[in-house]
Amino acid sequence: MPLDEGRKRFLKEDFERGFIHFCNIEAIEVGPGYFESAVKISDHHRQQDGFIHAGLLATMADHTAGYAAFTLVPEDHRILTIEFKINFLRPAFGERLVCKSQILRPGTWILVGESRVTDIRGGTEKEVARALVTLASVHKGRLSR
Amino acid sequence: MPLDEGRKRFLKEDFERGFIHFCNIEAIEVGPGYFESAVKISDHHRQQDGFIHAGLLATMADHTAGYAAFTLVPEDHRILTIEFKINFLRPAFGERLVCKSQILRPGTWILVGESRVTDIRGGTEKEVARALVTLASVHKGRLSR
Amino acid sequence: MPLDEGRKRFLKEDFERGFIHFCNIEAIEVGPGYFESAVKISDHHRQQDGFIHAGLLATMADHTAGYAAFTLVPEDHRILTIEFKINFLRPAFGERLVCKSQILRPGTWILVGESRVTDIRGGTEKEVARALVTLASVHKGRLSR
Amino acid sequence: MPLDEGRKRFLKEDFERGFIHFCNIEAIEVGPGYFESAVKISDHHRQQDGFIHAGLLATMADHTAGYAAFTLVPEDHRILTIEFKINFLRPAFGERLVCKSQILRPGTWILVGESRVTDIRGGTEKEVARALVTLASVHKGRLSR
């Protein structure tokens, strides 16, 4: 499956819906097995001590890995997260987060992605979280309740 | 450290700040090593296919385990998430999520909690996610950037 | 698929092969979606400081969850571990470990199990590790290299 | 703490004790925040279907990350695994495994490492597992039961 301009546009638009739109996370770049997103930090992204909430980092790490997987499957498939694990490497407190996700294992029905979240604070950038995400590729007709 | 009514009230109010307030997640119950939260699902909690976003479940699982830990540490300590792992057991699509977190290992500086998220749909309730969360208890004076 | 005596015997014997036999881990009990194993601790199971090695606990947690899954799939299927996560709750130093694994999500091709490892020391027993294990059920004809 | 030749020799020898010696896993290289190990595969490392057992890969991933952490802490400290997560990317069936571990977060008391396990089969080499390992650095006097 080549990743033509129309498909790239679709994936970037589809990325920014529902909870992701609500959280203000934006699609930045897409390539085969790769996706990059970013979020400009507002006060409502922080937790009680002023740090950016781990849940926002986890949401980015999961969703961005899901769309990295989405670049590798047939167009009539959908991606579901089976599980993920995320380590918080340093406190995040900057003004913008960037998440870069790469598929490590491109399978037909199981894909594994790695997400790296960096925090941009003043002029510097630090990795604040790393995640391993296990994803399933499922035909959209089988997405039942 | 006894968990008196004042402390319980503080923990429940403190729980619902920042990103958690933004996500509409509410504190329900608190006891020693235990915390329970819930969220009434709105459209902005869902993802592109109508399911509740994995990121919301992860945010609940993490934050609720953090407050279960918070019940066990001195009042001048804060809880940081070191890492967590979450398995999505079934698609979540109901009208309300409940998260119950229990501390499995009450340590002085490292605590481990388990979170179970259930989805309430019509009259039934199903476990949709289970997480293992590793937390650090840190004196508030050491919460530096 | 009922779990008759012949199938139970097969699963218990099949459990104790290869690396598991080498590590001296034994099958104890089997039921639908459930498996229990144990290992009598020898010096070669310990690490440099005298504690039982985390790798042995992880091996038990993974393998026992795999056989809990094996009780729920057709006889011509095999179980592969997709990933697992294990938290070490307390140091293990006793004379015997027991692992109890329960399937939390019995799916057709993805199953999720929880393993609890306890350490028996003198007369007491303590949970020393808890794991969440994601497993795939694959037809044996598709187990290719 | 510089990593002089005496310290390197000590770490490589200390690595190969107890369960690790029993499993035949050898130290290969050591540098600041880095450790590499290998194991020549024998029949007793395999599982019932002829693949190398996931428990061996997990043992390597955990222990090698632990020694990568050990290069960064004071000599009177010990490393304990708090938890780890490992994804099995492809079946492992070759004649030798190599594990390379790098510390991603060098903290005073919590360190996070990444381990990559590759399988050498004939002339080729494939990554078969990736792990994220959370480790604690503890003064040896506090290693109590």
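When the chains are written out, they are named A, B, C and D in that same order, and each has its own residue count from 1.
The definition used in the following text is that a contact is a pair of C-beta atoms (placed from the backbone, for glycine too) under 8 Å apart; a residue touches a chain by one contact, two chains touch by 3 or more.
These numbers come from a predicted model, not from an experiment.
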Longest centre-to-centre distance from chain C, chain (CA-based): A
Chain pair showing more contacts of the two, B-C and A-C: B-C
Whole-Å gap between the CA centroids of chain A and chain C: 32
Chain centre separation in whole Å, for chain B relative to chain A (CA means): 21
Rounded Å distance, chain B centre to chain C centre (Cα mean): 29
Residues of chain C engaged with two or more neighbouring chains: 82-83, 85, 87, 112, 132, 134
Partner chain C, residues of chain A touching it in the complex: 82-83, 85, 109-110, 112, 132, 134, 136
Chain A-facing residues of chain D, complex: 85, 87, 89-90, 104-105, 112, 114, 127, 130, 132, 134
Complex contacts: residues of chain B adjacent to chain A: 14, 17-23, 43-49, 53-56, 58-60, 62-63, 78, 80-88, 91, 93, 143, 145
